[in-house]
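Each of the two complexes below includes chain A, the first together with chain B, the second together with chain C.
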Partner chain A sequence: MSEALLETKELSKTFNIGKGKSLKAVSDVSLTLNKGETLAIVGESGCGKSTLARLLLRLEQATSGGIEFDGNDISEISGAVEKQWRRNVQMVFQDPYTSLNPRMIAHDAIREPLDNYAEGTKQERNQKAHDLLHRVGLNVDFGQRYPHELSGGQCQRLGIARALALNPKVLVADEPVSALDVSIQAQVLNLMMDLQADLGISIVFVSHDLSVVRHISDRVIVMYLGRIVEEGPADIVLDTPSHPYTKALLDSVPIDHPSKRRSKTLLSGEVASPLNPPSGCAFRTRCPVATDQCAQTIPKLRSVGPKVSAACILLESK
Partner chain B sequence: MSVNKKILEVKGLNIRFGSAAAAPTVEDLSFDLRAGETLCLVGESGSGKSISALSLLGLLPESAHATADQFMFDGVEIDPKDTKSLKALRGEGVAMIFQDPMSSLNPAFTIGYQMIEAIRLAPNISKQEARQKAIHYLELVRIADAAKRMDGYPHQLSGGMRQRVMIAMALSRNPKVLIADEPTTALDVTIQAQILALIDDIKTELGTAVLFITHDLGVVAETADRVAVMYAGRMVEAGQVAEVFDNPQHAYTVGLMRASPRTAARQRRLNDIPGSVPELRDRPLGCTFAPRCAFMTPACQELGAEKTVQVGTHLSRCIRRDELGTLLGETHV
Partner chain C sequence: MNTSQTVPRQHVQRSRMVDFRRFLSEFTDGRVEKSAVLILIAALLISVIAPMVYHSYSDINPLDRMKPPSADHFFGTDHLGRDVFERTMVGTRNSLIIGFSVAIATTIIGCILGLVSGFISFGDKIIMRLMDGFMAIPNVLLAIALVALMGSSLLTIIIAISVPEIPRMARIVRSVVVSLKEMPFIDAAVTMGTPQWKILLRHLLPNTVGALSVQATATCASAIMTEAILSFLGAGTPPNIPSWGGIIAESRVFFQIAPWAIGFPGLMLSLLVLSVNILGDRLREVLDPRVARRRS
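== the complex of A and B ==
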């Protein structure tokens, strides 16, 4: 089933922030999203995961590198071609309230993308909006409600219904459950897994929550200061991490039972400033096993085990 | 150090909004807090955990009415309506840190100014002494170059550093109780681990009692000595952290644990809890969790089903608590 749908090649995004300074938010990211799979992008604040998601949606224009969708180069498309392409890749946002128009009832919010692309007759569009409400588990009379009359979980279901309206092939979800309570988070995660099983869509799941990522994703990409530091199947990367950063990240995750308490080796310090990244490996300033050599060259992502790649010079190539 | 000394004892706390006759937002809350221990209040949005904490500081809005059968701080009875007495407790009695350290700090003043301002609320302390004290507490929360940081502004600090400053400020008058309301929710996971370790060290070193409010059972497992689970304004279960995790006695606690992706098999459906927390006006008779509960019986929705039963240190408001183990075995996925 591993048929590539969305592929990036050495994608980079640099923001000019005035006074001749620039910020490299994403550096040389090459990734592949296969048909029907869930690819998670994880990392801490400022690691570039949201910028990467926006690049995949073409909400940001990449500074360099290429993006291919279904084998076609889309890095330069514009106008009508871009508009038609957009129906393929839709987004689910973190904050379900602010991503909905407060003056639009749920039914109309779902119908809006269909109107936008003039899909079918008005009656068909209304029918489709009706079906989608049902599909995401919202009671049909919720269609007449405004966002403020819905709970956070219901708003997120609405956001998902809206994203699905144009039958996209890819959903890009940026922290879709991090604003929700645990019991509601489980409802929304279940919905996303059900939709994927039924519709065969691919999901890019951006998250900082490793337990959620372990649960929902097939493959995972770990980012640090704009670069991929480790990539591979979710169970392998998250159960037997290779890169020292992935290890540290997993070690910081709270335990699930008080009997597992132990003294942790905490990462010292904080993520370095992307305005002034350390030379060589960006993680070396916090890395417990860094050597002088780590400051010399930026480590390349290379295979370190079955299906797993990592960017660390201390790991043996396999 | 008297590790077991009760600092705070609250019995039958009710908080109502609007009028003294309104339905209680927080109902019949009882707990105590001992020196050198962490009590985690865990629950989802709207469970009443933050409001309960604010009532301890006399920080409830004007429209709120707090009453309690008993409200003792360090052996002294206090009326929870008496905001003056509660205000007197702030600083040396109770101090609080909040979820968002940026909005808790004033962006227009230096860290040092704000720390000294808090410290000098105590009588008879000179600016010089206060400054020394501020630096001491910044060092205590492991801020490097503390003296230099005193002249910095909040925007020059990262989220984790700001939360350290807030903790330093809260500790600067040596409170007996530290209330931490979701102090790590806005932080990255590696920084969260640092802050949790710091609060734990403070508890051990200074013997501070910590009331830790969180929605995250992982944080509870990591840091609590005792835990109280809240749902829709009521404490539904409480006990030693190990007994609650090993042998949960309320269907809501079980639901929360099973909804977490942490404990579930990969890529299987999670055991979500259907529906959502009832609005105050829609709270049902009997057990407030009953409408969402997989094990609900008609008796659960009768008045009296919400009564607290205590066995040893373990409290529960579930009438089927003794059967839960068996019920769970039958429905396991």
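== the complex of A and C ==
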């Protein structure tokens, strides 16, 4: 359970946006994904969680820092080595429609990854595509349909089937349910959890929906402006948050029972611009407990409780 | 998991056959489209058969000058007593060859240039500025210059009309490819190990078909027009090959006395260009799976 599969070390990504300006989307992110676990990455829009997901998939090249997969450095691989590595890490996308080629029927979409690695005979690949459709709970006749003839939930199932075709060890899901109806969200989430239980894959689950995260994940990473602010087991982080940002984030989740309502620390203002981040702690401009000291140094992730780390100088390290 | 079912292969192929039949029936659906298809088929037949049947289209007959349409001469005769019907029929081949050759040549070359600059981003800026340059050349002037240099032939005309049309095609392909490149399904293809050439052929190219077919048919229609203009100006095909533009040019002086000599070839020209344009629009609709299935 605690065997590291995917690790990043001080991973950073800076985008040049012209006129000599640059945008630091991800800064010094070190994380570990263990075998068979679900790691959730949460945060507001623009906090760098999608960029982090793309870095893990090598859809973007990191500006600095390293990524290790199964103990091997993969941050500089290319060509045939990269192609062989790619089958280990697959992605489920946010928008189920645009992540499928509109001119390719479902069956062919699932067969594509199998064809790329020339697995077995053509007949076997057809059979496997067929089985995968069945596996994700799609009617086998849907194999002949184009994406626009499927519903959003069906497309997302198709996307999951395609991602599973190569028997990956890691599934990176970038907000896989945020574009779906609530009733469909539960179906797709349960499908992912079932598949994980059956196949033992690790999942990186990027989301801004904390109730979904609580439902699916083992560990949680909370990001703010490209940095990790808190990290730990899902139940501890979501029930007894340490970092003021995590607290505020959790307070923003509506509570369904009046007597359970608690006093809220609502955040004021906007997320600071990543083009011009505040000095010291990036969150200090909105933090209810910020002091002058917060502007001095960038807080480092430290252990603040059992298995929990947070990046805040006001928290006592344990 | 059920592994005992073994339907897939046949299933896939049968569905493609059904798709093809559906394509045909949808393509010819509607009166306007049916007429356009018929006109195009008729034009194709005429262009093959007419030169074999009619040999006297250049025969001058001074006694029969500027005769109105009759049973002997369906479209009447021109100022030299030549049969306008025969000349118009024989001229069909010229128009069709030029229209289709230009459309095919510009599609192939424009597509390659557009894909190279849009997808590979190799020399994107250089290629696009060159294309801007080519676009600035007026096709009629280029044709006149080329005919003066290389002599008047079908090939010269095809080249002259194609050159300024290629950039239009290249730009359209490039813009479609640049926007498609950012789509998540391209990222998906990368993560599942699809090689670049396959991304180009299976994911990008099929999605440019809509834009391509519209531009290709528009090019075909405009090439037929441009050829007529060139013949009208005397820079078209050699005089021994009748062409619609040439017939109109020779007869324009006698417009008031013998209107049929320019009316009939002009009518043929309009009908053909119109048909090609209608079918181009229809082609785009039918080739887009989203639009096609919604209709049925």
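One rule holds in what follows: the second predicted complex is superposed on the first by the 311 of 318 C-alpha atoms of A that agree within 3 Å, B and C clash if a C-alpha of one lies under 4 Å from a C-alpha of the other, contacts with A are read in each partner's own complex, and residues count from 1 in each chain.
Following the convention adopted for this analysis, a contact is a pair of C-beta atoms (placed from the backbone, for glycine too) under 8 Å apart; a residue touches a chain by one contact, two chains touch by 3 or more.
If you're wondering where the values come from, they're calculated on a predicted model, not measured in any experiment.
A.B. asks: Under the superposition described at the top, does placing chain B and chain C together on chain A give a clash or a fit?
C.D. replies: In the arrangement built by aligning on chain A, the partners chain C and chain B fit side by side.
A.B. asks: Report for A:D181: first if it touches chain B alone, second if chain C alone, otherwise both or neither.
C.D. replies: First partner only, chain B.
A.B. asks: Regarding the shared-chain residue A:S211, is it in contact with chain B (first), chain C (second), both, or neither?
C.D. replies: After superposing on A, A:S211 lies in contact with chain B but is clear of chain C.
A.B. asks: Can you pull out the angle centred on chain A between the C-alpha centres of chain B and chain C, to the nearest 10°?
C.D. replies: Between the chain B and chain C centres, as viewed from chain A, the angle is 80 degrees.
A.B. asks: Could you say whether A:R135 touches chain B, chain C, both of them, or neither, answering first, second, both or neither?
C.D. replies: In the superposition, A:R135 touches chain C alone.
A.B. asks: Figure out whether A:T121 sits in contact with chain B (first) or chain C (second), or with both, or with neither.
C.D. replies: Neither partner.
A.B. asks: Taking the superposition as given, does A:N276 touch the first partner, chain B, the second, chain C, both, or neither?
C.D. replies: In the superposition, A:N276 touches no partner, neither chain B nor chain C.
A.B. asks: Just the number, please: smallest Cα separation between chain B and chain C in the overlaid arrangement, in Å.
C.D. replies: Chain B and chain C, overlaid via chain A, are at closest 14 Å apart by C-alpha.
A.B. asks: What residues on chain A touch chain C, complex-wise?
C.D. replies: 54, 57, 59, 83, 86-87, 89-91, 93-95, 98-105, 107-108, 112-113, 116-117, 122-123, 126-127, 129-131, 134-135, 140, 143-144, 146, 148-149, 159, 162-163, 165-166
A.B. asks: State the interface residues of chain C toward chain A in the complex, per the touch definition above.
C.D. replies: 1-3, 5-9, 11-12, 15, 183-185, 187-195, 198, 202-203, 206-207, 289-290, 293
A.B. asks: Enumerate the contact residues on chain A facing chain B in the complex.
C.D. replies: 44-45, 151-154, 181-187, 189-190, 193-194, 208-212, 214-216, 234-235, 248-249, 251-261, 264, 266-267, 270-271
A.B. asks: Provide the residue numbers of chain B that touch chain A in the complex, in ascending order.
C.D. replies: 44-45, 158-161, 188-194, 196-197, 215-222, 224, 241-242, 245, 255-256, 259-264, 266-267, 269-274, 276-277
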